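For clarity, chains are labelled A, B, C and D in written order, and residue numbers in each chain start from 1.
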Amino acid sequence: MNRLQVELPGLSLKNPIIPASGCFGFGQEYAKLYDLSKLGAIMIKATTLEIRKGNPTPRVAETSSGMLNAIGLQNPGLAHVMEYELPWLEQYDVPIIANVAGTDTTDYVAVAEKISTAPNVKALELNISCPNVKCGGIQFGTDPKTASELTAAVKAVSKVPVYVKLSPNVTNIVEIAKAVEAGGADGITMINTLIGMRLHPKTGKPIIANGTGGLSGPAVKPVAIRMVYDVSQQVNIPIIGMGGITNAEDVIDFLSAGASAVAVGTANFVDPFVCPNIIDELPQKLDELNCEKISDLVGRSHR
Amino acid sequence: MIKQERMKVVRHKQIADDIFELTLIGQLSLEMKQPGQFVHIRVSDSFEPLLRRPISICSIDPEHMEFTMLYRAGGRGTKLLSLKQPGDEVDILGPLGNGFPVEEANTGETALLVGGGIGVPPLYELSKQLNAKGVRTIHVLGFQSINNVFYEKQFSELGETYIVTADGSYGTKGFVTDLLAQLNPEFDVFYSCGPLPMLKALEQTYPDKKGFLSFEERMGCGLGACYACVCKTTDAVENDYLKVCSDGPVFPRGVVAL
Amino acid sequence: MNRLQVELPGLSLKNPIIPASGCFGFGQEYAKLYDLSKLGAIMIKATTLEIRKGNPTPRVAETSSGMLNAIGLQNPGLAHVMEYELPWLEQYDVPIIANVAGTDTTDYVAVAEKISTAPNVKALELNISCPNVKCGGIQFGTDPKTASELTAAVKAVSKVPVYVKLSPNVTNIVEIAKAVEAGGADGITMINTLIGMRLHPKTGKPIIANGTGGLSGPAVKPVAIRMVYDVSQQVNIPIIGMGGITNAEDVIDFLSAGASAVAVGTANFVDPFVCPNIIDELPQKLDELNCEKISDLVGRSHR
Amino acid sequence: MIKQERMKVVRHKQIADDIFELTLIGQLSLEMKQPGQFVHIRVSDSFEPLLRRPISICSIDPEHMEFTMLYRAGGRGTKLLSLKQPGDEVDILGPLGNGFPVEEANTGETALLVGGGIGVPPLYELSKQLNAKGVRTIHVLGFQSINNVFYEKQFSELGETYIVTADGSYGTKGFVTDLLAQLNPEFDVFYSCGPLPMLKALEQTYPDKKGFLSFEERMGCGLGACYACVCKTTDAVENDYLKVCSDGPVFPRGVVAL
């Protein structure tokens, strides 16, 4: 028995550790450091229909126990991802979760329809929560009705299960979660970044060229945990949790809160080996908790 | 190959106002080959500060498994770094990026190395490698003021060295381009690292020369995965953007839009 | 000329530094450490009509660069505050901003009407954003209409200007800000805490007895800055900014973002002298920025 | 008076499993009078960790301007504290709270001091002060296991001392109350600090004795301003809640609801 095994719609994960979208490119860079087959899955960078150049620089700024980013969904576009990135990833024994972004429903649907046909894409992650683009992204994630409709439209064309990525920048995240569940989502991933800003001490102007950026890293973990805790008790679809994970204890926290698997974002920048390190540490953590298989921990905070 | 290692501090001292010279020992040094590459440093085991700091490799000593970097203790992270004592460990990721192409200067030719402020360090290993190959080097190094000047002696041992200070407190007064205009040196290729206006002025001053420029941008991963550190390219280049961390930090002249 | 002087509705502040509500009690404890007359003003602990016992313990938990609290508005009640706390504070030359809380509109109105008659209470801070109580608090702060109506009701009875304290746990804080402005608010204070949770690594249960708590401290500063930045450009009433301030540079950031004064909360626990220290440092910071008076910095991020 | 001071580490050593003895020097020591008071420690200049840690005063040496504390390096903050070297500075706020009332034991009387684990340290200064006043002290100290035992010798020098370990690896096996049942000591007043179940058992075992108990609660300010550290009171008390940091940490028996 593999104690770390996790079964989710479309995803048979050898462990619950997944690099988060946007923090791992399309895997090529980290493949130079370790074997990607070790990972539970990989969430690739948001892909849009057309090539996207993203925002002007500076695109990142450091904050207390966190960072802001405003990459602006820069990516090489659907065609390139289908032709080069996904086939390249096929050499690894690892399911791919394709992060799908767009400006309007047509965009999302077009990307989802196509990218879900790639043989190693086992699930989609619908990015309705990117705070760093002018159109598309977050406004789909802040209104329950819009979120639900977009989910349904994408579900109608996708060949693989659809996970919807929620924004924490809302009054009532449970309401959005229920709406995407009603729209047919197979799972939820949460949280995307909190909207934040840092100013330059001398000039007083925003450091990030885009003005605002998305806050991630350990600073946001308490916010993410409480949202996973709340949502997991109100929906019947699984959650992939993220926000500030840096070690195996953080992973256990997210599972306890109600997530079935987790994604690790910013921590990859701090320690590029963080994902394999966590995977190696997990069995011992389970021993310490007298826990046979990791899935037993899911939701224990509210049981 | 890119490695991560807790390297040990061998020597650490202040060599000018806010400028520190840090020598580390470890296997990772053996991976360093090209001048102009950088390392990504975690200055603390806590999340405060969170991100790594990119610092150029200033000189490599594979025989002793050591390398040296020079850095300015300006912000929170580098100030913490400056507190490290001999024997302490520092978490290093590297070597990263593509450095200065030594092969673009042929034996017997002359290379002009132009550095500004904290852009000076990577030119030192470059100059060492060029001289080792029989390339003559001319060094033009610009600083703010006399208290900021460092490594004059080290560069002088390798070739003609000119110091420029913005306030005239040492060497020639003005910008490096002012001195270059006076000097009008003969050379085959130039290499440079420093503030953007300096890089721009150089490209304009020598429109027909072969040249290589090193750039800076705020980084996330340092590996090419996060798209934080992109720079805009000129029309001459097919890609709209390039990543400073993995495509650079050194680019041939004319590639990056200045 | 006093370079640090700030003039706000009802408040003539000798400097813009105010201890935040709930982090300074009613001043008695910090009065043992320094002269309270040094402060710009004092925001006293939330006061309710009746005595409140607050939540069970543990009430606090540490997080990365932050903390969670769920005190639950424990306070000795309006009568005691009127009879003992406020008269005791009269010995100091410092305006008091009374933080007013309640369960329903009647409560708020009753406290506001009475407490605004105290001679040293120069302004009210309407707490419609406390995340740690079951009734009252945050639900007034998440719906624009409710927020506006409550503001109007309190304005109708208050003898002093009314500032409304906004919650960051909303999709659109600008909308709430505009609503309270329309309701007659004289100013805005922001932000209250973000809702968060921390779990116990062994048991997996929430550490804070209340389950969730309010996240404060340096971790939330980027969120606070962007909200002050957004709101200050959309309303015509002044803002008292807060969230993660620990030093003079943070103060400058909040003023640059658009706040006219600031409050310091959690940092008082880390360094009990943080407020007087910041006040002492500010003139030098102004020199470094070539700035004659501190009010010149207000809003420079978007000018 | 409560002061904040960057005090200097004089001595720092491990004295049992995870237990460290830290002696600091500075003016603040001169403010310390009452055993059972505590200090609030900032272990790092960064915000990671953010909050101060409350640690009891274990012994005061005003002659040398020093005081000593004993702490368990368990979590993030105390582990960082354990790395401090002699000469390093530690940011201390204190003395805080109300300690054990020495005046409640009269010369010639006998006091029973009962400590559990990391609740043992404050009893040491208490015992010193009681003995100085001519009060006889009996010490009953409970620990998990032999490797956790500390300060047996120090207490023995002041009076009868009994060690209890939960696993029986040293001294008597069981809980302090087991030993007390055997021992059945004669005494006039008891003082105790340790885990809640121990405090509760003590109150029950000696329903008619005068006693003082020290409590723990998670703290914010440590000063009485934030209401983080309250404890529920019994019906005997007018206030519904009391603050451990400023009303306590020591309360007479019967005040705190157990």
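Operating definition for what follows: contacts are C-beta pairs under 8 Å (C-beta built on N, C-alpha and C of every residue); 3 or more make two chains touch, one makes a residue touch a chain.
Just so we're clear, the structure is a prediction, and the values are computed from it rather than from any experiment.
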{"item": "B-C or A-B, whichever has more C-beta pairs in contact", "value": "A-B"}
{"item": "Centre-to-centre distance between subunit D and subunit A (centres being mean Cα positions), rounded to whole Å", "value": "47"}
{"item": "Whole-Å separation of chain centres (CA-atom averages), subunit A against subunit C", "value": "34"}
{"item": "Junction residues of subunit A - those touching two or more other chains", "value": "63-66, 217-219"}
{"item": "Multi-partner residues of subunit D (each touching 2 or more other chains)", "value": "47-48"}
{"item": "Category of the chain touch graph - line, ring, star, complete, other", "value": "complete"}
{"item": "Of subunit C, residues touching subunit D in the complex", "value": "22-25, 28-30, 32-33, 45, 51, 53-54, 57-67, 69, 71, 74, 217-219, 246, 266, 268-273"}
{"item": "Subunit C contact footprint on subunit B (complex, rising order)", "value": "47-48"}
{"item": "Parts of subunit C lying in touch with subunit A, wherever the complex brings them together", "value": "63-66, 68, 142, 169-172, 194-199, 201-202, 204-206, 211-213, 215, 217-223, 225-226, 229, 244, 249, 252-253, 256-257, 289, 297, 300-301"}
{"item": "Subunit B residues touching subunit A - in the complex, by the definition given at the top", "value": "1-2, 4, 42, 47-52, 93, 217-231, 240-241, 246"}
{"item": "Contact set on subunit A toward subunit D in their complex", "value": "64-65"}
